[in-house]
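In what comes next, chain A is part of two complexes: it sits with chain B in the first one and with chain C in the second one.
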Partner chain A sequence: MSHRKKPSNAHGSSQSTSNAGPTATQEEEDDATFTQPSTMQVQKGLEKLTPAQVDQKTAEVVQYFLVKDQKKIPIRRADLVKHVVKEYRNIYPEIMKRAARTFDQVFGLKMVEIDPKNHLYILINKLEPVTGASPITNPTNPKLGLLFVILSVIFMKGGVVRESVVWKILKNLGVDIGEKHEEFGDSKKVVIEEFVRQRYLEYVRIPHTEPVEHQFRWGQRAEVEVSKPNILLFMGALHGQEPQSWSQQYQEAHRAPNSSQSGTSSQR
Partner chain B sequence: MKRARSGDEEDPRQNASPAQPQSDGDSSGSGCGLSSADMQHKEDSPGTRREIRSKYRELILSVQKNREDMLSASNNKLTEVLEKANKLFQDVRQPREAALDAQLLVVTTDLGNEKASQLSAEGASFDSVAFTEHLLSYMGLKRLTNGEDGQQNGAAFGYLPQDAWQKVAQRAENCFRAAPSFHYMMGSFHAEPPPPKQRIERQRKAPTKEVKRMMPTQLKKMGDSHQEATEKEVERILGYLKKYYQDDPTSPILYYEFVIDPNSFSRTVENIFHTSFLIRDGLARMHLDSDRLPCIAPVEEGEVEAGGSSIRKQCIVSISPKLWKEIKEAYDIRNPLIQPSNMQPE
Partner chain C sequence: MSRQMGDSHRRFLQTMMANGMVDEQGAKRVYQYCCEIHNTQHAPDKLDDFIETINSKLQPMFMNIRKGMSEESGDQFYALVNMAETHVTRMTSDYADNELELFRKTLDLIVYSEKGNASSTDILNSADTMTTKKLKKSETQQLLNRLVHDNWLNEKRGEYTLSTRCIIEMEPYIRTMYQDQVKVCHICRNIAFQCQICENPTCGIKIHNPCVARYYKGKAEPRCPACEDFWPHEIPEVRRPRSQSRK
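Up next is the complex of A and B:
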């Protein structure tokens, strides 16, 4: 009962293309046809192929990832197998291993499975972000600013925030979800559809609310991609305070990576 | 305040399934458990029952409506509601009232949860208002003076500069370990497209609409001829040009009249070729007359600038036998202006 995925899909994000928000049933179906081959099977499979063939297939997987990652939408294992790996699925683990190595050594990227259950992958940067403002000023997507504000608020408020809180804060910053925004257009759509699809945010229904209300949490991508200490540093700079002054958040930010998945919320 | 007895549509549900308390967590508040023995009590009149239910609904409504108020840490309104509910529960006899009680429990627990999460045991609290204020300053908000009315808020919001969100985005970049987006390197996008070149081309083409490229092929043909012979020919033609010009300086010499030899197509071509040298060297110039026909005239002695000139245009002249015949007839050329030299093979 992954009540994470289904409510967010109900907001019509899965209508347009097959890329947007996979419906739970379809992806389970596709995935069900793929079973992870055993090491023995992989070995046997490798024997039947030339190294050039395996390299070629690996390269194709790498390219698929790179292009898919442009929009920051997670890559589904089912899609990968169906469209790229195809008849090489019996050596799938070997290909993935090599692809990961390529990403690591050639591109400085990490291939991360952010959803072990549904087998979703993303690419993140292997390198730690530079502290302070970046020395390179290339044009950044302003949506990143919007996302950053929301993620920071969620983090500073303990990991879960009601949507009304977020909308109010955005309104104070001149982003009214009831109106078309100059830069973001339909800002609500950007937040609850685009960011959710990219797995930066989770938008879950709060039970028993009438009228229906939702809450925001960090999404699976944010958990691995976003640096909490750096958010605190920015907060500190903004407020003219030491990051340590927010002791709870500070503790959370500098917690060991394994336990950071659950966030600070004690709900559920 | 007794309510009139309407059809009592609520009755069918009286002995329906018992309440399903959906509490999210433990909460000391309304208790649980009904004793069926109490059902026989005298207070079991429909009026009282309705009263209790209406009180419950009132409480639920008040919690939902005054949510913000109840959340505030400065008062105990939530506790008061719970205390009222406690008292009400004493009189609860039937499942329907218990259901309402359970509903109230859910709503208040929710609030309680939120209130609890607002507490920070230690460390500075995070105030979203302060946050937005600071962020707006960072973004470079230009506030409006009191006289003008702002945008949505009513409280004058002010104007954010165009790149405000861009600025935040750039600062925020370092919080993300995002993989850079993959794009093909298709070269510099800041290179200027060459519209000036195109314009020049068009200018070139305009005066020479009927012409096609034939000069290169001519060159190939003439590749065998001596340099000297060519030069001599050019000079000879220059001589003709000057002569005709001096005869009547005011009347312009039509180019085609000049070069066409009605008796020989190949000589016409040679004439064109040699004339082009005159133009190249700045010894003659061409222009369009009022009928937009090309005319040629020698350049005055003093004006000759070999090599470089301020307004130089190039054009390509071509001619075909068919065209030659047409022009011959159109201009009614009987005699060649450029007399064939004796040296020419034909």
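Up next is the complex of A and C:
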């Protein structure tokens, strides 16, 4: 159990809202002012620290990634520096290098920067996906089924789909966004907030529509994490067709860099 | 001796991360499965060595795959635990400060209770003495449901106990925080909550119910293994290990 000392708790509840507004801009500033230290600076920084201190900080970064990744939330560099790396920011590149090595060698995961502009990171699995049943039932998140259906729809329709199309298909599958779903609760919220926040989906307004309409695309996480050949296999099984019969999608699935992502680790 | 991790170890670890906890049979099957997928040697009796290799690499990250027993069934489980100084990194990210305070109060009640449980009434009452933002009755009840759902607590007829996963994961914390109060099982030497206690006031050892069952099986007159006094409690039957049980 943590005994975190949050000084704010001592003042009761009145204080908490005062800084709610400027946080976002504050974080952007933080990230803007964060400049990657030079190799020289890193070298000097390392000289001042014991190996144990560097290991400890690396472990904290790894933990932070794992906790966020469990909820599929991308990690912002600004948050990472502010909440975890802190006074070690002068050796940030070294810590990230070590964390990446740990993910690779111990966890079989790969750290990927999905958004180089905003410096967002996620973890993806480096191990080959296995077809066939695992000997124990993984607590599969039922929401992932929902997500897979939506990603499939988008992919099969050429990469972009109006939301009304998605809602109609989901309704046919028994998920009516107008009603509270017993498993997902507010399913529309799950789709347009949770999946979007996790970067599985992009949900953008279609310009000049009245009433306002939105469309879906694959998000950055889906691009690196979800296998398009698998989607075709899934569609094939669903419709009793060969995956090759969707020739355009088949070509796309087998040319996209994403399809070979898990096979690139050459040491096996 | 530092054996290298291979993909079979990594896949096993990933399964543990996804599940949090796996029973012994399940762990054995996963071990075999991971070895088969990655074409590495599988020795059925070497599961603990296999896990030791993973642990040697996890340790610098303050994580560990640890073995423990269900106090109810006596089955063995493996859990991936976090030993960072906060002990509950995952918990602190899932629960607000006042919710953690209520959990700590529940832990108090359970540790200081005779039988290793706390009633919902007692927990609701303890919410009145919170120092962080107070929880309403309905919020407390919701929180308890969530703690059960997230597998920190078990609930039976309004009585709350610590889940096996919680005990495995929090054992070091509980041992430090409740040094004087916590007792270990005289048979298996693990921390004991739900158990039988020797009624000899100068003895008072604890034995888990499943350990009682195994220890006294076939003994005509049960006596305390420490003080030799008559063991006055009902001796439960040895349960057959279930497969695929998740506690």
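Keep this in mind: the second predicted complex is superposed on the first by the 224 of 268 C-alpha atoms of A that agree within 3 Å, B and C clash if a C-alpha of one lies under 4 Å from a C-alpha of the other, contacts with A are read in each partner's own complex, and residues count from 1 in each chain.
As a convention for this text, a residue touches a chain if its C-beta (ideal position, glycine included) is under 8 Å from a C-beta of that chain, and two chains touch if they have at least 3 such contacts.
As the structure is a computational prediction, the values presented were derived from the model and not from experiment.
In the overlay built on the shared chain, the residue A:Pro129 is in contact with chain B alone; chain C does not reach it.
In the superposed model, A:Lys143 lies in contact with chain B only, and not with chain C.
In the superposition on chain A, A:Val67 makes contact with both chain B and chain C.
When the two structures are aligned on the shared chain, A:Gln198 is found in touch with neither chain B nor chain C. Look at A:Ser187: by the touch rule set out above, it reaches neither chain B nor chain C.
Once the two complexes are overlaid on the shared chain, A:Ser245 sits against chain B while remaining clear of chain C. When the two complexes are overlaid on their common chain A, residue A:Lys157 makes contact with chain B while staying clear of chain C. Judged by the touch definition given at the top, the superposed model places A:Asn118 against neither chain B nor chain C. When the shared chain is aligned, no partner comes close enough to touch A:Gln220: not chain B, not chain C. Of the residues of chain A, those at positions 66-67, 70, 107, 109, 125, 127, 130, 134, 137, 139 touch chain B in one of the two structures and chain C in the other. Chain C makes touch with chain A in their complex at residues 5, 7, 10-11, 13-15, 17-19, 22, 26, 29-30, 32-33, 37, 54, 57-58, 60-62, 82, 84, 86-93, 97, 100, 103-104, 107, 132-133, 170, 173, 177, 244. Chain A makes touch with chain B in their complex at residues 66-67, 69-70, 72, 107, 109, 122-134, 137, 139-149, 152-153, 156-158, 160, 162, 165, 168-169, 171-174, 176, 179, 183-184, 206, 208-210, 224-227, 230-231, 234-235, 238-239, 241, 245-250, 265, 267.
Across the complex, chain A is touched by residues 22, 64, 106-107, 110, 113-114, 117, 120-124, 126, 128-132, 134-136, 138-139, 151-153, 157, 160, 165-183 of chain B.
Listed in rising order, the residues of chain A touching chain C in the complex are 1-2, 4, 6, 9, 13, 55, 59-60, 62-63, 66-67, 70, 102, 105-109, 125, 127, 130, 134-139, 268.
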